[in-house]
Each structure stands twice: as C-alpha cells, then as structure tokens.
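Each chain gets a letter, A, B, C and D, in the order it is written, and its residues are counted from 1.
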Amino acid sequence: MDSRRAESFSDGVFAVAITVLVFNLLTIADKTAGHLTRQAFLSYWPAYFAYVVSFLTIGIMWLNHHTMLSAVTRVDRVVLVLNLLLLMGVVAIPFPTALIAAHLNNGAGGKVATVTYGLVMIAIGFGYGSMWIYLAAHQKELGARRRVRTPRLSTARFTAGNVGYISGTVIAFFVPVAALVIYGLLAVYYLFQHLPDPAADGDDQPGN
Amino acid sequence: MDSRRAESFSDGVFAVAITVLVFNLLTIADKTAGHLTRQAFLSYWPAYFAYVVSFLTIGIMWLNHHTMLSAVTRVDRVVLVLNLLLLMGVVAIPFPTALIAAHLNNGAGGKVATVTYGLVMIAIGFGYGSMWIYLAAHQKELGARRRVRTPRLSTARFTAGNVGYISGTVIAFFVPVAALVIYGLLAVYYLFQHLPDPAADGDDQPGN
Amino acid sequence: MDSRRAESFSDGVFAVAITVLVFNLLTIADKTAGHLTRQAFLSYWPAYFAYVVSFLTIGIMWLNHHTMLSAVTRVDRVVLVLNLLLLMGVVAIPFPTALIAAHLNNGAGGKVATVTYGLVMIAIGFGYGSMWIYLAAHQKELGARRRVRTPRLSTARFTAGNVGYISGTVIAFFVPVAALVIYGLLAVYYLFQHLPDPAADGDDQPGN
Amino acid sequence: MDSRRAESFSDGVFAVAITVLVFNLLTIADKTAGHLTRQAFLSYWPAYFAYVVSFLTIGIMWLNHHTMLSAVTRVDRVVLVLNLLLLMGVVAIPFPTALIAAHLNNGAGGKVATVTYGLVMIAIGFGYGSMWIYLAAHQKELGARRRVRTPRLSTARFTAGNVGYISGTVIAFFVPVAALVIYGLLAVYYLFQHLPDPAADGDDQPGN
C-alpha cells in the first residue's frame, strides 16, 4: 500500500482522537448544573490541565508519526499492523485523561489515574520504537526516500522518552499531581526539540 | 465518481468510527466517581477487552475496504449504495461493543450483547461479499486496474470469515465470554493473514 | 478557493456527522444497565429505525453535495457561506434523530421529535436549492467543468424532495411513526434514483 | 513539512470540532425524557442559539486558517507548534458553548459561561495574530507563494476582532445574553466581510 494512504487514515484518527479530548470538558457543563460559580468552574482545574497536557502530547505524536511514515513510500502488512496497534494506544489517550480529570484530587483515584496515564504512554512509546526499528530494518523493501536514521540513535531517543514516562509513572504512585506535571513537561520538551524534517527532500514532486 | 473520492469519504468514516470506541472507556471515569481503586478499575475489563477486539476488527475492515475499492478506478451508483450500507454496519460496531462493555458479566445481558455483536459482524460480512461480487462482475465498466480476483475465491474467503462469526454468535447464546474471545481471535487471524496488496501495481502514477 | 478544498473539509464534516449517529445507540447500553433482556433490547426499535433513516439520509446528502461542488472548479465567498449554512443543517441531523430515538413512542414527544426532524430536512433542502441556483447563475466565474444543469430542473427536483418532507412534517402532527416511515422512504427513493455523475468528465486529469 | 499536510490535519481537526457542537444538542433528548412538549423543546433556546454562533465562528476560523497556511508552501517547527496551540483553542470551543447552553439563563452561571466563551475567543485571536506575524516575518524561508500581506494591517484586523470579543467579554459580566448576541454578530460580520482569496493565484498547478 502506498504509505500516503496509511498516513491519511492515521491523520484522520489523530484528528478525531485529539478532538475527543474536549468531551472531558463537556461533562463539566452538566456536573455544574444550577451552581456554575467561578469557584465551581475553577475547581475543575485537573480537567483543564489534563486537556492541555494530552492535547500537546497527541499533537507531538502526530508529528512523530508523520516523521516516521514519510520516510518510506510503501508500507507492508507488518507496518500496517504495527500502525494499528500504535493508533490503538493513541486513541485510548482520552481515557486516562478522563480518569485524571475526574479523580486527580482524591487520593487513591488520582494514583490509579496517573499511573494508567503513564502506562499508556509507555506502551505507545514501545509501539513507536518497534515501528521505527522495523522501518529502518526494511528501508529497501519499503522504498525509503532517504536513508532512514539508524535505529540505534532512534532507539536511544525513544528510550529517553520512555525513561521520562517511567519516572512519571513511578512518581504517580506517591504524588499524582507531580506525575501530571512531568507528563506536561515531557510534552513541552518534545514540542520544542528540533526534529530533522524528513519530508523536506521528498515531498516536492507533482501531485504530492 | 472517481473511486478515490468514495474511498476518501469512507476513510473518514472508518477513522471516526474506530475512534468512537474510546467513548465506551470514557464513561468509566464517571461511573467510578469517588471510588476509583485498582480493583474498581480492573473490574471494567470487559470494556478494555471489547475495545481491543473492536479496534482491531474495524482496522482490518478498513484494510479490506481499501483492498476492494482500490481495485477499480470508478464507482457507480450501485457501488455507492452498497458502500453506504457497508459503512452503516461499520459505524454501528461501537454499539454492540458498548453493550458488551456494560453487560458481559451479567447473564442475560451478556448473551444479548455478544449475540448482537455477532449479528452485526455477519451483516457486515454479507455487505463485503455483495460489494466484492458486484465489483468482480462489473470490473470493465468500473475501470479495473487489474483483473479483480474471481468472486468464487473471494466468496469462499468471506464465507470462511462468516462461518467464524456465525459459530461465535451461536456460542454467545451459551458462553458470552467465549464468544468475545472468538471475535478477538478472528480479528487477530485476519490481521496476520497475508492479503495480496492490490495497490502495489496501480498506485505509482503521479498524483496518486 | 479551489473547490476541492471546500469539498475536502465538507467531506470531513459529513463523515463525522454520519458517525455521530451511533451515539444515539451508545446511550442504550447505559439505559439498560442491569436488565438487558431481548425485550428490553428490542423496545429501543425507534432508535434503530431512526439510525438507519438518518444514516441513509446523510449519505445521500453527501452524494448530492459532491454532485454540486464537483460541477465547478472554484468557490467564492458566497458559496463558502452557503456551504457553511448547509453543513450547519447536516451536522444538526443527529439531534432530531436523538429526539425520535428517545420520544417516538410517547404522544406529545413523538410529535415534537418528528416535526423537528421534518423542519430540519426542509431547511437543508432550501440550503441545497439556494446553493444550486447560485452555482448555476455564476458558473462562468466559478470555472464550471461542464454546463451546470439549468436551475429550473434542479429547483423542480429539490422542490419535489421538499414536498415529500413537507408532507411528512404535516403528517408528523398526527401520526409520528408514519412520518418517520415517510422520511425513510424518501431516503430509499433518492438512494436509487439515478443522478447523472458530473465528475465523470472532469476528474481524470493528473493529480486529481 | 509541506504546508498542505499541516493543513490537511488541521482541516480534520476543524471538521471534528465543528461537528462536536451537536453533542450539546444531543443531551436535550435525554433531559426531556418523558415530557418533550413544544414548550420544553423551545426552553432550550440557549443551546440552539449557542450552536449557531459557535458553528459560524468555527467555520470562519477554518476559512481564516486556510487563508493563512495557503500563503506558504512549507511550515517549520515553530509554525507547527503555533498551529497546535491554535487548534487547542479551536477544539475547546464546544466547552464554553456547552456552558452557555446549560447555564445562560441562570444568573451567575450565565456570567461564567459567556465570560469563558469570550476569553477562549480572545486567546484564539492572539493565536491567529502570532501565527500571522510569524508567517509574514519568515515568508522567504517558508516559500511564500505570494508576498504575505504586511503584518501591520493583519494585526490591525485581528486586533479589531479582539476588540469585539473583549467588549463582549466585558459585557458578559453584566448581561450574558447580550454578550452572546455580540459573539453572534461578530461571526456574521466576518462571514460576509470580503477576504482576498490568497489561494486564487497559487492553487492552479497540477496535482494541487
């Protein structure tokens, strides 16, 4: 299959998943029925905080996803399966986000919510790592547009990300709010970290 | 109509339908309000299990859908109508998924839920079969890119799938959980079964 | 603006709107908590019926929308505004659908629900009529790919559709279920009515 | 990254966000369970009003977004980050819309809801302003298709919009309904205000 078609489907999934995050806010309108004061509004800050963190996180994942798939021109069955597993993780993100929005402030609930969040992120990280390694190992068959960066470095990069999420998950057992702050800082870090743009040299043919 | 436009609309529908599955998880955040312990979290395993099964199932349906429509370059009114009926089944999938998520563990409810799931799958299977037979019978008018595989074999393939779902549906009357396991195994089976990639020889012209 | 871009955005909106219809089914999973028997399941038939009717209706609207916009190569500000108003109606369709799903069986509620459904359809019909007339009147400026069919005939066609919906709306005041049947028959009628395919002679240039 | 790919993802997000607005209507079906009279139906007018205002507002934002991104052929990391922040605001719009739908009629709630709405709009306005200034300042590196309009004028334009939303937000503290009317008038104003179409001279190459 042409890699652009897999990308196009994935883009749609990312676009919907990132928008689903607002549903965790919509429920606030009902929960505050009859008593929407400023205090009541602000007391839902975990929902707003979690919205921002997850929005940036999914946004970055979209960018990384593009970086990966644009490196090749074709995808085979294995890539499609790996991609599906990856998307299964990304689409799930609004769930731990909802858990955090609803439970961050009560002890046990906050722990379960932020630990779940971290575990989902770690699973997605392994998904990206697997895909990247597979793409690098099969770049010829997949019609790579340029030499796909060595898996060693990429693995290191993804490992670094996972170390962050693993730390966050461990901390979540003790101070849930601190874990959410760490997840947010990880998102901001990746947001500004410069990624080489792999599309630059391969996207200028007509009809692209 | 150019078949790619029908595909593009269908892709959008698939992308939204697969993402809607997470809503069956989002409700857990509300249901556990005030008591989100690890036990409470894990007690919703039917929801997580059903999410994974349906995600993989819709993902595979997307792949098969692409395989079918990429075989032709044009679609006529009949294909569009068949496609709409097919999508009506795919979009409905989150509904039996929600029934399973909410009712798998209580006797009568689990039966109704898993039987409904199986019936929806069987209906979708017939939809795919009809579309495939129509495409094969009208490949000339639809500007087939290559010879569309004989309907006989394809029918056999789809029948095989439906035999699986029919068995699952029958079993659902007695052991709902076993039916869900079967639906899951069918998804995994189709995930790794090698499909010839029909786009390989027809997608490399410029502008595609 | 290139008309294909407006189409692409509209396609996305149609794809999401048609998928939103399943949410009217998802709520059934919660409503039947603890007592999902076969009777309980079947008692929600208005929801299933309304799902099918609205799914086909939005599907046909997508086809008609494509027929209209593919006739021209550019869109101006007026077309974009008309298109936005049209989409505002299409996106609203799940709302009267939800009203029907929840209220068809109780007297006053069924009337309000089916009348609202009819009014939304009539409003959308006028939206299509206005757009079609505008496109026909400005086909030169909008770079028509072929001569846009005379507005007279098109108006007749759309009027015919609206007569159907107006009749349905009037009947809804007395027999809500009959109105829903009429809406369904209108959808089936338009599904099989042959529309000339305007894209056939304009979509085969490279990069399309 | 090719600017069209960023646009395509953004289009998806806009399409989903605009459709999410209907969820504020769907809840009405449940809230009126058992007593959907004409009066009950009409008593939800804030929900209908807010739906129309937000639909037009997101629609216009989509147009402006296209106007901006179509001016360049490439986007860099900064544009992608700014775009993500912008989309984070756009996706949030259904939230204050839901607050207005649920609370416009009760004093304190109406104030909080309409003020929140205004603040979200102001934030989005600043997002557009920042993006526009950045694009104008880096048009060479971003491969501008034509000279990007001077930021001075554009800033003025966006400032004008923000003055409108700031006024609305201030008024929201005293007369929430009046604020909603102002937000609606701003949407209608921008809808008919003629924007030069930047795509006209850059979108006609093959494959576009």
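The rule is short, and it goes like this: a contact is a pair of C-beta atoms (placed from the backbone, for glycine too) under 8 Å apart; a residue touches a chain by one contact, two chains touch by 3 or more.
Quick caveat: nothing in here was measured; it's all calculated off a predicted structure.
Engineer: What's the farthest chain from chain D if centres are computed as the mean of the Cα atoms?
Structural biologist: Relative to chain D, the chain whose C-alpha centre sits farthest away is B.
Engineer: Suppose you list every residue number at the chain A-chain D interface; are over half of them used by both chains (same) or under half (different)?
Structural biologist: different
Engineer: If I superpose chain B onto chain C using their CA atoms, what angle of rotation comes out, to the nearest 5 degrees?
Structural biologist: 90
Engineer: Mind checking the centre-to-centre distance between chain A and chain D? Centres are C-alpha means, answer in whole Å.
Structural biologist: 25
Engineer: As a quick test, compute the distance in whole Å between the mean CA positions of chain A and chain C.
Structural biologist: Computed from C-alpha means, the inter-chain centre distance equals 35 Å.
Engineer: Return the residues of chain C touching two or more other chains; collapse runs of consecutive numbers into ranges.
Structural biologist: Answer for chain C, listing residues that touch two or more other chains: 8, 12, 15-16, 23, 206-207.
Engineer: Under the stated contact criterion, what part of chain C meets chain B in this complex?
Structural biologist: Touching chain B from chain C are residues 8, 11-12, 14-16, 18-19, 21-23, 25-26, 28-30, 32-38, 41, 51-52, 55-56, 59, 62-63, 66, 191-192, 194-195, 197, 199-200, 203-204, 206-208.
Engineer: Sort out for me which residues of chain A touch chain B in the complex.
Structural biologist: 1-2, 5, 8-9, 12-13, 15-17, 20, 23-24, 27, 74, 76-77, 80-81, 84, 87-88, 91-92, 94-95, 98-99, 101-103, 106, 108-109, 112-113, 116, 205-207
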